[in-house]
Amino acid sequence: MWSYLGRRLLVSVVTVAGIVVVVFFIMRILPGDAAAVRAGPYASEEKLEQIREQFGLSDPVPTQFVNYVRDAVRGDLGTSIRTGGKVTEELLIRLPASLELAFYAVLLAVLAGVPVGIVAAARRDTWIDRAARVVAVLGSSMAFFWLGLMLTFLFFFRLGWFPGPVGRLAITTEPPETITGFFTVDAALAGNWALMWEAFTYLALPAVTVGFVLSAPIIKIVRSSMIETLDSEYVRTARALGVPHREVLFRDGFRNALIPVTTAIGIIFGYMLGGNIIVELIFAWPGVGRYAYEALRVNDLEALQGFVIVVGLLYIVLNVVIDFVYSWIDPRIKLGQRVVA
Amino acid sequence: MSTLEVEGLTVGVTRSPTSILADVSFSVPAGKIVGLVGESGSGKTMAALTMMGLLPDGIELRSGSVRMDGRQLLDPARMTVSRESADMAMIFQHPQAALNPTMKVGRQIARVFSLQQGAGRSEAMSQSIEMLRRVGIPGAARVAGAHPHQLSGGMCQRVMIAMALACRPRILIADEPTTALDVTIQAQIFDLIRDLVAETGAGVLFITHDLAAVAEMCDSVTVLFGGQVMEEGSRDDIFRRPRHPYTTYLLDSVQKEVDPHVVEAGVDFELVGCRFGHRCDYAWEACGEVPDLVAVGEGHRSACFLHTAEVTRAGAS
Amino acid sequence: MPALLELRGLRKTFGRGRRALPAVRGVDLDVARGETVGVVGESGCGKTTLGRMVAGLTPVTDGVIRFDGSDLDGTSASRENRRRIQMVFQHPAQSLNRRMTVGAMLAEPLRLLAGAPRSETAGRIEEMLALVGLDPAFGSRRPRQLSGGQQQRVAIARALMPDPDLVVLDEPTSSLDQSLRGRMIALLRRIQEMRGVSYLFISHDLGTVRRIADRVAVMYLGRIVEIAPTRELFDDPRHPYTRALLSVAPTMDLDDVRERIVLPGETPSPTDLPTGCSFQDRCPLVFDRCRSESPVLAPVGSYRLAECFAVAPASDA
Amino acid sequence: MAAESMPGRSRRFVPPRIDGGAEALPLASRKPLAVVGMAILAVYILLAAVGPFFVADPVATDPVNALLPPSFDHPMGTDNFGRDVFARAVHSARLDLTLGIAIAMCAMVIGSAIGVVAGYWGGAVDETLMRFTDIVLAFPGFVLALILVAVLGNSTLNVGVAVTAAFVPYFIRLTRAQALSERELEYVDGAKLAGNRSARVAFIHVLPNSLQPSLVTATLVAGWAILTVSGLAFLGVGIKPPTAEWGVMVSEGARDIDAGHWWTSFFPGGMIVLAAMAFHFIGDEFGGREA
Amino acid sequence: GGDEEEPAATTAAASPTTAAAEEAPATTAAEMEEDEAPATTAAEMEEEEAPTTTAAMEEVVEKPIIVASLADTPNLIELHTFRTTSAYAVTNAVYEPLIKQDLVEQANGLLQGSFVDHHGAGAETFSIEATADGGFLATFTIRQGQTFNDGTPVTASDYKYVFDRSIEGPGYIGLLLPFVGIASTDQIRVIDDYTLEIETTVQSPLFQRFLTFQVFGAMNRAEADANATEDDAWAFAYYNDKGGGSGPYWVSRFDPDNEVVLEPNPGYWDAASLPNAGVIIRPIPDANEKARLIAAGEIDVATGIPPRLLAVLEDDPNVTIWASQTTGVHYLAMNQTIAPLDNVHVRKAIVNAVPYRALIDNVMYGFASPAGGVVTSNMETWDSSIGDQFRQDLDAARAHLEQSGMEDLTLLLGVRESRLGDQEAAVLIQDALRQIGVTVDVQILPDGDFSGRINANELPLFIHDWFSWGEDPFYQMRFLTTCGQFVNYARFCDEAYDALVQEGTFTTDPAVRQSVSSQAQQIFFDQAVWAPLWSSDRTSVTHRCVTGVVQDYTRIPVFTEMSKIPGC
């Protein structure tokens, strides 16, 4: 197992390295002059030169790359041209916002998607199943931006049930002291229930927007893998031996269906880690997705690069975690031989 | 006396005229091994699943009766067999696939004990180890802690049998229990089944497509083709005195030289009348009807117009 | 005159290091022109691997394959010889490309191996279809539209298309219904008569091998433990494994009163074999020497060899 | 022969396999959702093909009649310049559908070709290709497309290229997985023995047989591609206003929504979702796989 | 440069120092002089009232805290490299320049910065004299007793430091100084602790205005030196997120994504008359939300609200919209070196097709006035008889098109990504031209790309805007429309016209100026150089209870006069 873990980490390192290389060179192709961005519109050629010098932009690309990698290894992803701040710090400040949203969205998706998927599988080909599938198709065909907009229109402008799209808390509310970075958790830890509630109300619409979309693949995968296990010979055996329906459904059926479901949740969560750019933009969510978008708009290479690398890293870490979860769920999988769904 | 009697079982695909089993009857007496034999797709497994009340979605039971010691198990309102008090257990063809991959085998057996007798967790566990020992598994305690994928096919089949025995069945249905196993292992399993029959007095419905296995294991035999019973009788009747053209054909194709250039018709069968009709060398107009099973000897019955209408046939040809 | 196919010390090890799996562990075997050599043995003993090495589908780890007097290595001469070795596989449905018509599949070897001009192909395909007992109309069908037996006939036709001298038949009948096996074997024999091809016939079913092979090799854990002319092997098996195998193979002969030798335990895993004879743990005749020394094939009568200290003690000779 | 006189000969019947038996049933009752999807798609294609000839000019403004709610004259209302939302949505259908379908097809063709190479040859080739797709898949497709458009520059073609590139890895994965299992099947050996060289085995034999999952997934991807393209347009990346494109229209309409003018964003967004749904109904019923 | 604030486009340019930096990476030095000029009101305003200080002179027991939301996020507040409008507002509140504009109260209570009159700020008194060399010698007496927020007294050397830093440091501010004749640090002289001398080489009318820029406000030299590093001798990095000068406020909390808190500087010389107790700046990206919060009184002042929303807010009794007309111009330029725009009839057709009224009504929602030519309608010497002819007349347009002999024209119209208003205008223009049979292909370009392409003569049609520092008609014409001028993006060149402009520039006689200007305007009209689209208003929005709103030559809120009516 350790050798597997070692190999896995090695592969991860290779992948991260690949990400760094690809991103770095893609970024060099981006049109626009980073120095000009930094210098502002009044800069003379000399000033530009001075800035290029200062930021190492006049070095040959390979040198820039080596320097970049050297710093990146030390955890320094460079300086944002847009804000003048350290990219690593800025990303770390924004990451909790994205993660909190991702967490609740995935949680919602799982809480909604898993039961629906199980019921659909258990009542296959009935109207319940059809309805579940239509919901799943609707979810996977949903445009984030439109759903977010319509939810805001309905629940904020029209009904006023939820706060408007202004971020994680009301403008006038002091955020809780940072412990985990999750406002809901930090507020709870501080015993400030009102604040926690407020954080939840601000989370509600974006989390529902994302959660609805994410529930679709979960419904689909839970349903299909449940159907597969329910059709399996061991479920038939359990039935033949008189195991009660519920236990068959959950112990024999769902437990074995969990593997593809875990993969799905993992992939989904991985995708969400990157922050959902559109949703963060619509709901003014101060996460990494919005940061990346703003960086992209102004050619802020280092910030964008940092973002992509952090997302890649998180994704890979997540994959390793999923591997462990697998081996816990399925004894057939000695780490390394993943049964891919 | 008969323990299990199946009569007039008709099973079909939902919303389609097709019947997978047409009026199938047989019985399994206590302490006997009854063979159910037929080609692939002839409905052997379906018959077993019907009796267990485990028909898959999309397959419906249309008519018939399943009686245990004269007690009707078939709920005519819902057209399902209620297995609750049936005392039947079943083992399957692919033992490894039939065990829950994420559960230790000991637990899987213990679960059955808990269900059957309400035994406590640890008690059920020790009973399950005992049961593993009884089906001849060396190092039963260790094996009980293993997951199915860590066991060989033969071992898994023993575990399956142990699970089935944990139900204390009066009828054991064995659906091709050894086709996935090697001959030497098959011999072990056959011995085990025979021993169990002797020991527990349970009746066994032994499903297979292998005539030789039937000849070796069974006391009596029912031959199925296309969901219809072709012939039934004691082992001697079927192997020494086959009366139905299909049985003869089957025995011949295993034992005798055949013409390689006759294009075989696959497993197709007729929808109307005798299902063997179009492959039968003796077929004639009458075969458009479904022939009844008629007694052709003591406890030996065959479903062919040849027996009932010798004269007509002579006239026709 | 040398045999058509000579195997010398053939070995195949999958993987390496601790996970190395020796599938074939030193096989010597000859197949003469027009001869059928059956290879039997239980699942996983290396039959398929052996066949695939002969057909050139699996690279050889060690040893020599000599065909028609020349070594089959990577040279162009040997590549030409490869054309003369074809193979038929176990699963007829899988062995045909499901998106190609029968005609297109049969045309491939003609064009790619035999270099036949397009004008000739149609005729030769028709001829071949007739040989295997299929209507020419089948040329335009796709595998899905054929029954299992018909698919296997197509597979045989394709193997015969480049006019081979040797056909490796890897369990060509085991996925067919029993009633079809007889026909398939008859067909193969007919073809052999007409074309004079040699067969290396792989099967785990003794009954089938008995009906087609001239000589039979029994494999156990990657080695041939006994080889003898068919009749002699079946009438008088020498190696204890062969004996056990034959004794427990079910037959339809109700009068058969063989003494059944049920072997204990299971075949050990090829990844960790004991030193000495690999059959030692299950062998009824085992004695000290078997645990320290490995036996080799030694003559146990005219034209037959066995690999056992108990029955062929003269192995040092 | 006796067989000749058999009654019911013509009623010969194929053994009822689960799907085989059901084939007799019409598609509508077997896969009702797929039929719904096809119907919606047909309407869309009709709209895209002939719709533009029947509706108003999508650039025609009419400030006097700005922001009218849906009515008979303007089924989807008018926007803040008095442009007819329906007319614009119909024109947009052509652009979005073409892009969606073209992207899915290109991604499938490229992805499957690469995937079969990886899956069939395995070894170092496979390892390299898979590492590469891992890298690409490590960032969300949308972000990838966003960055690529930024690199390539804003144009409809570049959006197509970028989104295609983002979806190619899916197909590589799918085809590779399929090819991996296909290459273990006996027909591959059969093909080798019939004299096929590796490349021919890979592309003539393995590829067509490995295409099934990709073909189905391509319909899903067509839907996603529409979502991605319009999402990019919504962000103002790639296709830009005042081009009549659904995402652009939603983005333009978003500015009206607070004043209660919901229709300028509701309808174009609804068109996007419905279009994606049409593809997904079809893909879903035929067993398309998620990522 | 632009003069419009659009939140969706993140930034609007503000002053010479802030500019549209984010979106316009590659603007060159030549452009910068005029581009983006601050402006005070035209002369007509002057006569109204004498300069007063603030409306809230009387002591209020409890001073309110002002909550502001600006057009963007002040994520970098280093004095010489910041680049957003809100960073401008922050630095403006933090650093005290030597002198400031006098504020003139308008009828509606708006305090307008004076273009002419200045008073001492960091300097208690100042004098400016002409030198023999044709420059100025300015002497400043630094106020005693004022301190930085950490208590350090402000001296002349702190002022010299900031000029030196502008000239020698890596920021972009130093590049402005040559325009007023300052090129070397030697020109700034510390006479004693409280006397500073600046000598210029030219007599620029802009000199005083320059000195009011906060970028020349005192920096705490001791603090800067203490935080300088080898790589960063001027402590740029240190000041990225810190703001403590000698101005009315200092930055006590800097969390740009959430809030930036400005607390009164107790050492500010005029601290007592500050009518508020500090300012909180909160970024609210969504303009609607901003408007809602203003109405609810959660925020006191906001900028960056698009005209469309302003129109809605006009009906809200809780909100006050402060708008004043400007002399800026948005125009549809036609590059006359690109066919078919070299054909004057084509240009005239376009000029006649543009829906001027609809643009003001439907794009600017009335928060603009008709531009009426390169000399705009709010500018001195504008000739309404000519300017009013910029009116939509499709028949005339078609006639011109016919005369031109061109058919089936397709033209590319470029607009900047950051300018939502321009994009909306493009929609109306597209349709108007469609009606005369010209197909317009609108392309929204990233700002950098846009400038690149107009510089390279690649865009036939584009929407641009301009705001003259001088607010002088000849100054405006010269830069925008005379031969060879770099920012003459339409590439219009006419000798007679140039001669008129030349003449007007050097005469002081109002009558001559008027007639020469009219003639030039006539040529401009006859040649159909541009379609002048509109002159947009300068706007800010407050809650109804807010008083003391200042609009100086920037559009950035100035907080020093701002307060709230108690109990409102």
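Labels for the chains are A, B, C, D and E, by order of writing; each one numbers its residues from 1.
As a convention for this text, contacts are C-beta pairs under 8 Å (C-beta built on N, C-alpha and C of every residue); 3 or more make two chains touch, one makes a residue touch a chain.
Being a predicted model, the structure only gives us computed values, none of them experimental.
Note on connectivity: the fewest steps through touching chains from subunit A to subunit C is 2.
Taking A-D and A-E together, the pair of chains sharing more C-beta contacts is A-D.
Centre-to-centre spacing of subunit C and subunit E amounts to 91 Å, using the average Cα coordinate of each chain. The mean-CA centres of subunit D and subunit E are about 48 angstrom from one another, to the nearest whole unit. Work out the mean CA point of subunit B and of subunit C, and you get 32 Å between them.
Those residues of subunit B in touch with two or more other chains are numbered 267-268. Within subunit C, no positions touching two or more other chains are listed. Among the residues of subunit A, those touching two or more other chains are numbered 31. In the complex of the two chains, the subunit A residues touching subunit B come out as 124-125, 231-234, 236-244, 251-252, 255-256, 329-332. Across the complex, subunit B meets subunit A through its residues 49, 52, 54, 56-57, 83-84, 89-90, 92, 94, 97-103, 111-112, 115-116, 147, 149, 160, 163-164, 166-167. Against subunit E, the residues of subunit D that register as touching in their complex are 57, 59-61, 63, 66, 80-81, 83, 154, 236, 240-243, 255, 258-259.
Of all residues in subunit A, only 11, 14-15, 18-19, 22, 26, 29-31, 130, 133-134, 136-138, 140-146, 149-150, 152-153, 157, 217, 220-221, 264, 267, 271, 274, 277-278, 281, 292-293, 296, 304, 308, 311-312, 315-316, 340 touch subunit D in the complex they form. Those residues of subunit B that touch subunit C in the shared complex are 39-40, 152, 154-155, 182-188, 191, 209-213, 215-217, 235-236, 239-240, 249-268.
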